[in-house]
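Got some structures for you, see below.
The two complexes that follow have subunit A in common; it is paired with subunit B in the first and with subunit C in the second.
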Partner chain A sequence: MTERALRQRAATPSPPLALDARRASRATLIILLAPALLLYAAFMVYPVLRTFWNSVHTIKPNNVPAFVGLDNFRALLGHDWVFWKAVGNTAIFAIFATIADVLGGLLLALALFSRVPFARFLRVVWFTPVLMSYVVVGIIWVWIYDYDWGLANVILRAVGLGGFEQSWLGDPRTALWSVMVTHIWKWLGFNMIIFLAALYALPVDVLGAAELDNCGWFAKLIHIIIPMLKPTILNLTVLSFVGKMMIFDLVWIMTGGGPLWSTETVSTYVYKRAFDWNTFDLGYPSAIAVLWFLIILVFIFALTQIMRQRERLEF
Partner chain B sequence: MKPPSAVEPSAAKGIAYLRGAPLMAFALIYTIVSGGPFLWVAMMSLRTTPEIFASPYALPSSIHWEKFVDAWTKSNYGTYFWNSTIVVVTAVALLTVIGAMVAHCLARYRFRGNRLVRFVILSGMILPPQLMILSLFQILLEYHLYNTLTGLIIVYVAGHLAITVYILEGFFAQIPQDLFDAARLDGYSDLEIFWRITLPIGVPALFTTVTLNFIILWNEFLYAVVLLTEDDKRTLPLGIMHFMGNHQLDVGMVATGLMIAIGPVILLYAFFSETMIRGMTAGAVR
Partner chain C sequence: MITWRLAAPLAFAIGLGWVAAPGAHADDVTINVWTHEADEDAKVAFRELAAKNLEAAHPGVHVKITWYEKNPLLAALKTALPAGQGPDVLYVEPDWTEYVEAGYLAPLDDLIDWNNIETWARAVWMFNGKTYGVPQEAYTNEIYYNKDLLKKLGVELPANAQFTQSQFLDLVKKAKAAGITPIAQGVGDRPFPGAYILGEALLRKLGKDDYRKLWTGSLSFEDPRVVDVFKWTKELVDAGAYPKNFMTLKLGESHYYFYTKPGALMLPMGSWYTGRAFVPEDKGGQPKDFPLGVMQYPAMDGGACNQCKTSAVGASFAINSASKHKDIAAEFINAMSTPEMGKRWIETVYLQTGIKADVKSFSGPYAAYFTELMERQKGADYFIGGPRDLTRGECKDSFAQVMNSAFPGGLLSVDQAIKMMNTACFKG
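So, the complex of A and B:
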């Protein structure tokens, strides 16, 4: 549509406007958009701005908030070793669980793709943990890790490796990794489905040509399938990594951040500082949330930039 | 190039079988790993705690259906279940209607501020809940919505609007424009077009978002744990956590509670597995 036509429409509103299905009356737009925008303004935009405001104040119950400038951030970065412990744990979690999620999901998808019998049924069963809540998954795995009757130790004893039995969630050396295993178990099916869709979208003739060339399945995987899945792999890596930087539920349910801060993550620390510690200050945890959000934003931008760069180089 | 059938047919079959056996073994093991824990809980939910401690991995010797009645009436699971149902059904209904309205506008109409509205709404997808949870706690206290199901519903709708609009807009934008031009010529009003063309054609996409939102909200924990503290307001995930905290050792009863939470999801999954898989992964693939 040319600009002149647009101007003409604006000049003579009623008949052309009524016939142009790309335009709606102001009343229609208000009716359709107002509920969402009001809700957003009050319960998304305002809370975010208020958290930023909170982060430069000290806010105690029944008290006037006191402006403290960047003190919260200084304390946080300077001498809050629990925060740094939490950052370290979250980083370990995000890095290792992401790698395991992506590789494991690919492995499961390849198993289904290579025409294992009952593939449709297996796909449904393998996806089940994705649908379950963290509370359900967490409690089941707390039992599995139980020292006396949990499945992990029962199996170790049964195969004669009783020496390796552990109080999996009670020992600071194993707790973080045990929670991680549970998290990976819950999300593998999700990555599997995405990879499976990508595998079925691969051009059949390329895979067929590899077959004719008598290419072994491993060579086929390394030289053909994985390069062609690169966009999916990068996409899932970003999604998975960013999700794990915010991890709260499973850690809170299984260990509450303990023992000895060995599973404390940034999010559980925010919650604890706000509601469990008797500092009763909402300003300091808000500062943690703001700082962490900015770091997550940087990661999202950096990772998407890298993805774009890669795509440009390859195609 | 070597001919593919350089080996004898019987030997080729044997190799194929060997290649298949580890795959089969892997498939079997992972099926037990992913599905086994749920079967285990299902069995424990029908056994009493003394039976479980005597032998944690045995099949039920006599089936104790009455545990479900006990959980429902004596342990408040009935209340938790209804709270969850009220919150999730209301929030999903509101999300679907409000989300479809926004998605229709963004996908169909050119108007000033279209890009701004899209940016504001979709940016909700990268905001971590942790960034809003502390101030939402303050805000709901001030609005007297703290510790109410209404407050939780509003927060859920605001929080999940972004992904809902994202999925619906992608689908709505693919509906051919000709349909809308024709409807306009036939004298349909804007709202009639939304109601009688976009919504009926968009049913598959609406189904997808309903599934996704239902599962995520039925399982939601973080907002609920911060915004609800009274026992008769708790949703199922909170109720189970609370019960677990008070009855650490009553494993049998906790398992029954878990089954009450898993039950509806498993039941739906048995009938609509494809829809649910598509729904849960909808935001990630385009």
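So, the complex of A and C:
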């Protein structure tokens, strides 16, 4: 290589080696992204847009759509008492089950973190329900709640509390809470694992320093562990709450929304209006879905704002 | 790496191989059928046989049957049909009227051999002068009972097999006092069985015309006759007619409850009871020596039509209006609807049918049952269709929640139930 050529090469600015290797042409980027974008557009964007479109239309006989403006929303908000019943049930479910899920998961994680006897075994046992499908869980718990031969009543009778036996899923006063217990049983293990991971990630030196200062277990929990777990607690609260606002599977399997709409949730009501009401008109059920989507969006926004003021979210 | 030069001939060769697959015909046609009742062996065998018969008679025609449970089938149809997709032939039931209204079912008047179908059964599927479904299954509402338990209670069935309403109430009380569950019924997975007693009582009390008016919104639930029937039913409920696990007991479980464990005196059910009961015991069927009897629903005091009885069409088949092979799809339905197949249906499914079938005598292990069932049809004045066939929307939902579930489940007073049904159904 001549001296001139060497000088020319030295004068040409060369990109950093790592950046160069990661740089792809526009065509490559499009080819790589296209399948995912297409799938996203087909199965997420289009259905959402279509649901919005449906919500302001009604399908007349022979599959003819007719624009009805906000009529579906007016009917929904003004005259549909089942919708409001479903909203109430969903709100109760989302609030109480979220609190129980998060607190319960934290307690289980703390039990494992403090190395209770058989901790490894318990960790597997507590996490196993998370791996089971809703169908299996629902069927098992319907059996557990059976009046005659269900485990819940058998135990009550065995310990002399037969007076408290119930048709757990057949009584409007207990049905929603019974479904909630099942849901919590299924998801406690998930929250437990997340909390456990967060607990093991806590800085050892801080906990060690607390111990050197003779800080008791409870004081350590209140003043050190929980404040340091706050981002995890907040994240799980949001995720859990949003998930429960959309609860469908378990309710559908266990009660179908009954008895007397006492376990009807917004999602089961949407399904009923779409598929059980002898109609192909998706306008009204779409209006419910759109309204609920907006409400959930508001909740997420509000919760996120509240949390941002306190801690950065770890989404 | 496969280059385009290599890929093109390869694709051509694969395509050629596809076209020239052994056994394929130039005019091969596959008819897709979506049907419910995957869990009823006799019906599965019946429809598979019809498919085989059609394939044998028409070389090149293939029938692909996809078996569903009812709810997944409904979900699949309600998404496929609006998209212009779906099967050529689909299972339908008479209360699925929205399929006709939406134009998803093809008129069958010129496609089907109607000489083989009972006129009354065809009428169920007629809308605005056109026929949209071919009835296969027909049934009547009956009360099945355990003959031994009835004898044990010291009660004799009247000659016409029909108790009066007070006799029936006494029977329930006697059974309860003897520690026997009077009626094995559950509504854990169905929106109708809890209303059998109440519904049939309303039919007998009101007569056919007013019964229809009740369900179509032109007769109030506050009508004194209706209130009387609700009060009588409430007496049954309060007497402990239904099991404690009524609200969660599923349809299949209620059969097992009735004939095996723990055992019950009666099971009100459509005559499609046989689909679950007449299968081997290890598959949940009734014990071989089970003393099965059939009785009429009780006669109501002052009833306008105590000989009335609900008869309905169940499983039916229709053709997708978007099907490209309507003629062949119709051939498949015709293959299921010959008199020979009708006879086979009765002899293997042990159930009535909308297909004309000349069956004068019955043979086989359940011949005595079928003879008794036919005995119960003598002098019957049929009302075709049930409440779920006649109601829609809010009224249908209230029927499921109130009359099927909460009222017989003891959760509602007569006044509350009447008010809720009237609000949902009565149009004034």
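The rule is short, and it goes like this: the second predicted complex is superposed on the first by the 286 of 315 C-alpha atoms of A that agree within 3 Å, B and C clash if a C-alpha of one lies under 4 Å from a C-alpha of the other, contacts with A are read in each partner's own complex, and residues count from 1 in each chain.
The working rule: a contact is a pair of C-beta atoms (placed from the backbone, for glycine too) under 8 Å apart; a residue touches a chain by one contact, two chains touch by 3 or more.
Keep in mind that what you see is a predicted model, and the values were worked out from it rather than measured.
Colleague: After lining both complexes up on subunit A, report clash or fit for subunit B versus subunit C.
Modeller: Superposition check on subunit A flags a clash between subunit B and subunit C.
Colleague: So, does A:Phe275 touch the first partner subunit B, the second partner subunit C, both, or neither?
Modeller: So A:Phe275 meets both subunit B and subunit C here.
Colleague: With both complexes superposed on chain A, which partner does A:Pro231 reach: first (subunit B), second (subunit C), both or neither?
Modeller: neither
Colleague: For A:Pro259, is the partner it touches subunit B (first), subunit C (second), both, or none of the two (neither)?
Modeller: second
Colleague: With the two structures laid over each other on chain A, which partner does A:Tyr145 touch: subunit B (first), subunit C (second), both, or neither?
Modeller: A:Tyr145 sits against subunit C, while subunit B stays out of touch.
Colleague: With both complexes overlaid on chain A, does A:Ser267 touch subunit B (first), subunit C (second), both or neither?
Modeller: A:Ser267: touches subunit B, not subunit C.
Colleague: Counting residues of subunit A in contact, which comes out ahead: subunit B or subunit C?
Modeller: Counting contacted residues of subunit A, the larger count belongs to B.
Colleague: Taking the superposition on A as described, I'd like to know which of subunit B and subunit C A:Trp292 touches: first, second, both or neither.
Modeller: After superposing on A, A:Trp292 lies in contact with subunit B but is clear of subunit C.
Colleague: Just one of 78-86, 132-140 or 312-320 in subunit C hits subunit B in the overlay; which is it?
Modeller: Clashing stretch: 78-86.
Colleague: Kindly list the residues of subunit A that each of subunit B and subunit C touches, one partner per complex.
Modeller: 149, 274-275
Colleague: Given the complex with subunit A, which residues does subunit C contribute to the contact?
Modeller: 74-75, 78, 81-82, 95-98, 101-104, 188-189, 243-249, 262, 392-393, 396-397, 400-402, 405-406, 409, 411-412
Colleague: Could you please specify the touching residues of subunit A with respect to subunit B in the complex?
Modeller: Of all residues in subunit A, those touching subunit B are 18-25, 28-29, 31-33, 35-37, 39-40, 42-48, 50-51, 54, 108, 111, 114, 116-118, 122-136, 139-141, 143-144, 149, 151, 154, 185, 188-190, 193-194, 197, 212-214, 217, 235-236, 239, 242, 245-246, 248-249, 252-253, 266-267, 270-271, 274-275, 282, 285-286, 289-290, 292-293, 296-297, 300.
Colleague: Help me check something: in the complex, which residues belonging to subunit B touch subunit A?
Modeller: Result: residues 1-2, 4, 19, 23-24, 26-27, 30-31, 33-35, 37-38, 40-41, 53, 56-57, 98-99, 101-102, 104-105, 108-111, 117, 120-121, 124, 126-139, 154-155, 157-159, 161, 165, 177, 180-181, 183-185, 190-191, 193-194, 215, 218-222, 225-226, 237, 240-241, 244, 251, 254, 258, 261-262, 265-266, 269, 273, 276-277, 280-281, 284-285 of subunit B touch subunit A.
Colleague: Can you list the residues on subunit A that touch subunit C in the complex?
Modeller: Touch list, subunit A to subunit C: 59, 61-63, 82, 142, 145-150, 167, 169-172, 256, 258-261, 272, 274-280.
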